[in-house]
């Protein structure tokens, strides 16, 4: 689907110090990663080998929350203070990296873990790229 | 962007009582509406006539939270209990309808309110359609 | 601990149609229930019989999200529109009732499920009482 | 009120590397700060001088989201990985410090900003203390 993220940013009424296209793409990736992690935690819960997946589920839940909050912070530009956005991006890199690793361990057994690992890796990279652009 | 929502649903390891394509589309619309509402609240905060937009901001904040929670509930299928999903969809119809109305009042003045009103109307309709499909 | 909820409500600068003491108590109970459900989902994940607890975990996750959003909606009074608050309270009654039931099934085996079931029952009742006060 | 946080932690079925009393107190303070920030954003929206408070509102919204996510991450102990918790605590120190500063600027005019600034300062300190305990 075409999201509202870029049109909303293009109509933000004041200056934004970051490139709006890169920012919108990053927010979309964060929202997608949050969704994938929520779905992966639930899919893992329904697997017969759930006992082997508890660490994966936990990391999924953390990563979903961290990505969702990062997306919200990056969606706000009023009274811009780069320090909070930067700190959330750093936390998100760590959460996505941990979740990509955990899901990656189960990707051959469980296709949903493979899809989620890919979403986490894309998100980690997008967050790193935005952090680099903020410097 | 192509989201992970449908691939994740297609790889959920057990039965889902709803049509996976409709469900994935609804979740994507919910996530988009949550994002639009978060962005619209912030854009309103940066408008010179913010004092005229406080009701719009408040409704945006409610709608963002309600849509995000509805998307999460609909993304879980383990131990399926239709009653919580149905109640959240009903709350979401009300929140989206209220937010579409409020944003609609400012759509001529503020393009971001117009985009957000459209996102809310799409989301309200998708929630109504999914509720109908659940009966 | 003494929360900030009632002092914040007492200093809200405009009229609130509900009793501020009842409202603050309800919000505190909602926040506590959200916290208990998040913790119970995680404690269940660490139990040796996790496979028997997947439905409980799922309901905990839903209930945590629904309570957190209900608390947020009830914490906003600007541009008051009773319909969203009422719909969220109704969804919360359903989520808390379902979670109290699920956790109750495991309360003899797992003390954390017993504590969480109590938190859910208190929250369900507080939501019902606030709904009654809104009529 | 007496929260369920410590009883839930005391009944977590496996080892926790942190002191459970300090951890429970920190989670309670985080939940309280999230609640105060949500309420302060809304109270600011209802002030006649809302145009002077837009930066405060924005920081409140960020701080509410960051505190809520930090509380959730700290409430999970299964598959413990200190790096995510530490990164969220660092982000939370920054968000609380920024919000305490912003709200502090308006504390003489608006009692709700003073209460929220106190909640943010307590939360910042609790997060710093927990970070120190993690080393």
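Note that the chains take the letters A, B, C and D in the order they are written out, and that residue 1 is the start of every chain.
Following the convention adopted for this analysis, a contact is a pair of C-beta atoms (placed from the backbone, for glycine too) under 8 Å apart; a residue touches a chain by one contact, two chains touch by 3 or more.
Computed from a predicted structure; not experimentally measured.
**Student:** Farthest chain from chain A, comparing Cα centres?
**Tutor:** C
**Student:** Is the C-beta contact count larger for B-D or for A-D?
**Tutor:** If we tally the C-beta pairs in contact for B-D and A-D, the bigger total goes to A-D.
**Student:** Between A-C, A-D or A-B, which repeats the contact pattern of B-C in over half of its pairs?
**Tutor:** Of the listed options, the interface copy of B-C is A-D.
**Student:** Approximately how many whole Å separate the CA-defined centres of chain A and chain D?
**Tutor:** So the centroids are 22 Å from each other.
**Student:** Averaging only over C-alpha atoms, locate the centres of chain B and chain D and give their separation in whole Å.
**Tutor:** 27
**Student:** Among all residues of chain A, which ones touch two or more of the remaining chains?
**Tutor:** 42, 45-46, 54, 57-58, 61, 68, 72, 76, 78 - these are the residues of chain A that touch more than one other chain.
**Student:** What does chain C use to touch chain B in their complex?
**Tutor:** Interface residues on chain C, with respect to chain B: 54-59, 61-62, 65-66, 68-69, 72-73, 76, 78-79, 81, 83-84, 87-88, 90-91, 94-95, 98, 102.
**Student:** Inside the complex, what are the residues of chain A that reach chain C?
**Tutor:** It is residues 41-42, 45-46, 50-51, 54, 57-58, 61 of chain A that touch chain C.
**Student:** What does chain A use to touch chain B in their complex?
**Tutor:** Residue list for chain A touching chain B: 1, 3-5, 7-9, 11-14, 25, 27-29, 31-33, 35-36, 38-40, 42-43, 45-47, 68, 71-72, 75-78, 110-112, 115-116, 118-119.
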